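Two complexes follow with chain A in common, the first pairing it with chain B and the second with chain C.
Right after this comes the complex of A and B.
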């Protein structure tokens, strides 16, 4: 029984662990587990129609920020499709339109390149942060609030903008941290 | 109010204001974020999606409506996620504004209180100073006749002693007249007629001074005897100012809807330093023993009791004009 519980626990932990892959040219890619999208707060946000943004930050050996990648997912409520976008560490951008949640899970689990190194062996600290809405959506709401302050044209009431609009920040709803070692042959 | 108490008062007011703001500030936001508002919007989105299949011809219209409602829903979601932060900022801004206003009010009140205290002390010192000057003047005026009377008494000159006592009696009478100015009994008086009589009666009262009457006329309500006392006081002052050579002219006119009687002399004028206090009791340019400085004070009191006033209209090296203003009091 104890062994069974322990096995389930290890399996649960493993289900949330990403897989880091050493690619050619000393590029590191990460395969994110689909279970991350099933976290309750992430799941709720995925269904809201707002753009949930995942920021992947990588540090080599505890040093300064080495690279960053970005993943954006928005569920189009009208067409009922997933609009996804991935920008890797070198600026390479891919967009897609996915018809089902299974397709999203598959796309999510394709390797995302998060950095490159010159060393044969590196210790990698990776942080994944989930933001609940995009900067554009925050700005759109700020302008909407500003116009609610009695101004119907232009950028809105300066007082309302200063008082409330500037508080609209996309605070992270979830963050994960992993540490791994990558060896290149 | 001390600075510490002022600060405590401002802090206490701000604290109570914050309590009130904290209680009510979330109301306006919670109205927008009510779950049923969100549920209604979500139902609306579902309805638009159903309508696009039922009424494909208007699919674009439903889509526009859908996107409009979707944006509204997103705004509410973004606000909901920032609710606490927005409320905190709103409260801080309001409380800071209130604190500034409270601090300004308290500082203003405190400064006003300090100014009032300083003014009260200054006024007190002024009053004490006036009393000191009066005491000095009275002592000086009495000292002369008393010293003279003592010397005359040692020499056995009783007649001279009686004269000095008469001086003291006159001084005492003047003080008493200032202390007990009667209430005027107002009757209709023709100023023109009254001035003619005054000029005739007092034509030779002040040697070397000519009285010039006859300019204008008006009927006023006044106490004839008291009015004459005012004119006598003014003329006595003028005569002294002219050193026994000059003229005093009387003229009656309407000024600012009121009857005014100007008394103009050809004396050397009133020193500038004395002008603001010219109607204060015991203020005089005369030497001790020559006058008490009560004449103008008594005269102004009489005119104010008439519902009017006595003003220093003009003064220069060419002469001085005092103006008697008559009020609109009803005659008895």
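Right after this comes the complex of A and C.
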């Protein structure tokens, strides 16, 4: 019985842990578990008909280097499709219209590129913050671009990194933090 | 290699947004407020500044959500959409978590003052705590768009020529006047911590939100500290002490919540006019044993400026920094004339402050605050006359506090230390 509970506990934790992948050109990608979208507060925002924005911030080199990526999801109530957008650390943008929740879960769990390094081995601190409303509008967008450009330029300032979140000026719905070590061959 | 990659990233991102940035907007045919038991849904809608039959972007909804979060009787609000009557139309649902009808805003941070140097003046420096709401009391919602409140309040102004005092207060606020965004509050106050016992004193505040972040407020206060007659040596003297304060404030506020914000900006510019009338008796030359009447009139003009920004460093940590400055022109006249002073416009105070806050749990946090008073008017020597012998000192002030904000109110307990140089 104890073993069963322990196994369930370990499985539950594992289900919320992302997988970090070393890609070519020393790029780090993350595979986010679909269970994150099932958190009650995230689920509530997903069902609101409004955008939920996820900011992925990664730091390495003792915080001296940083990068950011962003994911936006909105359920269109009339078309009954999920409108999704992902901007990776190097500015690569993908947009899609997904017809089902299963499709959304699958899209969510495709690798998202969150940073690149010159080292053979790197320890990453990754924060995923879920925010209500879209960031991709008006002045906020311009600020986000300017600031995320500054962050990825390697300034490494934690304050500037934090501004990605405060630019939205909304109280986070949920936040997750992970630490991982990636080795490149 | 990395630098080139990052430059390419920035250019690509800018280009992609320049060409592909699309603004999603929603036609709101109806607004529904849910989860309210005491707070009037009409007031929530009025204060959101959103109107049925209009189209709003998510940025508009976000700004409205933040505006609601700054209301003292709303703890939090969530927005969601539902399908409307036709394709492309939506029902906006605002789910509110409201505060209790009993409310308090208590700030207990006694300051230990190193008084070896020149006198230190404690200024109210927290813009998020400056409120015309009573500091302790009850609130009832009446008639859809009205709020009645009763309790105790504290008036704190930074200008030395105005009077700080505490008072019992009862008032009524009407929101959405004549279907507009305007609101008005009428208060009756009874000062209990003032130069005299105090008489019933009216206050009228009216304001209009210019945008979701900007508000223009006009404040008119007549405070009666004393009005009586005293007989000395067979002579009756009318004693009166009254103050009239008129101020106009423009406020830009994007903070995420009242009292304990962790992100956003507050800027406030407030010109004010104060008039103080006193009449009483005195014993003066050339007949110091015979009482004689006198009257004093103080005309004060002031300008108060405050700008503060809050940065959220992480889920738990936030920092803030800001400047506060005031200018004043005070004219002091007496009859019979002892002296008349008109000091002309001059800086009254210049304060630079910085703070750090760390959230302990969902509703509590620790705060550390430091401020440099670069210039202050020494009220000990000038007192109400302000300009008679103004001397300027510098001081450093620090404080640490434990803060808890719940649906009952906000409590701040701590200790400060200040010294002049």
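The working rule: the second predicted complex is superposed on the first by the 146 of 185 C-alpha atoms of A that agree within 3 Å, B and C clash if a C-alpha of one lies under 4 Å from a C-alpha of the other, contacts with A are read in each partner's own complex, and residues count from 1 in each chain.
One rule holds in what follows: a contact is a pair of C-beta atoms (placed from the backbone, for glycine too) under 8 Å apart; a residue touches a chain by one contact, two chains touch by 3 or more.
It should be emphasised that the depicted structure is a prediction, and the values quoted were computed from it without experimental measurement.
Enquirer: Have a look at where A:74 lands relative to chain B and chain C in the superposition and call it first, second, both or neither.
Expert: In the superposed model, A:74 contacts chain C only, not chain B.
Enquirer: More chain A residues touched by chain B or by chain C?
Expert: The partner making contact with more of chain A's residues is C.
Enquirer: Tell me the contact category for A:132 with respect to chain B and chain C: first, second, both or neither.
Expert: both
Enquirer: For A:92, is the partner it touches chain B (first), chain C (second), both, or none of the two (neither)?
Expert: A:92 sits against chain C, while chain B stays out of touch.
Enquirer: Under the stated touch criterion, which partner chain does A:49 make contact with: chain B (first), chain C (second), both, or neither?
Expert: So A:49 meets both chain B and chain C here.
Enquirer: I'd like to know which partner A:100 touches here: chain B for first, chain C for second, both or neither.
Expert: The answer is neither, since A:100 touches no partner chain.
Enquirer: Let me test your reading of the model: by the given contact rule, A:175 touches which partner, first (chain B), second (chain C), both or neither?
Expert: The second partner, chain C, only.
Enquirer: So, does A:19 touch the first partner chain B, the second partner chain C, both, or neither?
Expert: So A:19 meets neither chain B nor chain C here.
Enquirer: Just to be sure I read the superposition right, which of the two partners does A:116 touch: chain B = first, chain C = second, or both, or neither?
Expert: After superposition on chain A, A:116 lies in contact with chain C alone.
Enquirer: If you lay the two complexes on top of each other, which residues of chain A touch chain B in one and chain C in the other?
Expert: Residues common to the chain A contacts of chain C and of chain B are 48-50, 77-78, 132-133, 137-138, 140-141, 145, 163, 166, 168-171, listed in rising order.
Enquirer: Can you list the chain B residues touching chain A in their complex?
Expert: For chain B paired with chain A, touching residues are 45, 49, 63, 66-67, 70-71, 73-75, 77-79, 81-82, 85-86, 89-90, 93.
Enquirer: Could you please specify the touching residues of chain A with respect to chain B in the complex?
Expert: Those residues of chain A that touch chain B are 48-50, 77-78, 132-133, 137-138, 140-141, 144-145, 163-164, 166-171.
Enquirer: Which residues, counting only chain C, touch chain A once they are in their complex?
Expert: 1-3, 5-14, 16-17, 20-24, 57-59, 61-62, 65-66, 69, 76, 78-83, 87-88, 90, 254, 256-257, 263-264, 311-315
Enquirer: Using the touch definition up top, name the residues of chain A that touch chain C in the complex.
Expert: Interface residues on chain A, with respect to chain C: 44, 47-51, 74, 77-78, 87, 89-93, 116, 118, 127, 129, 132-134, 136-138, 140-142, 145, 148-149, 152-154, 158-159, 162-163, 165-166, 168-172, 175.
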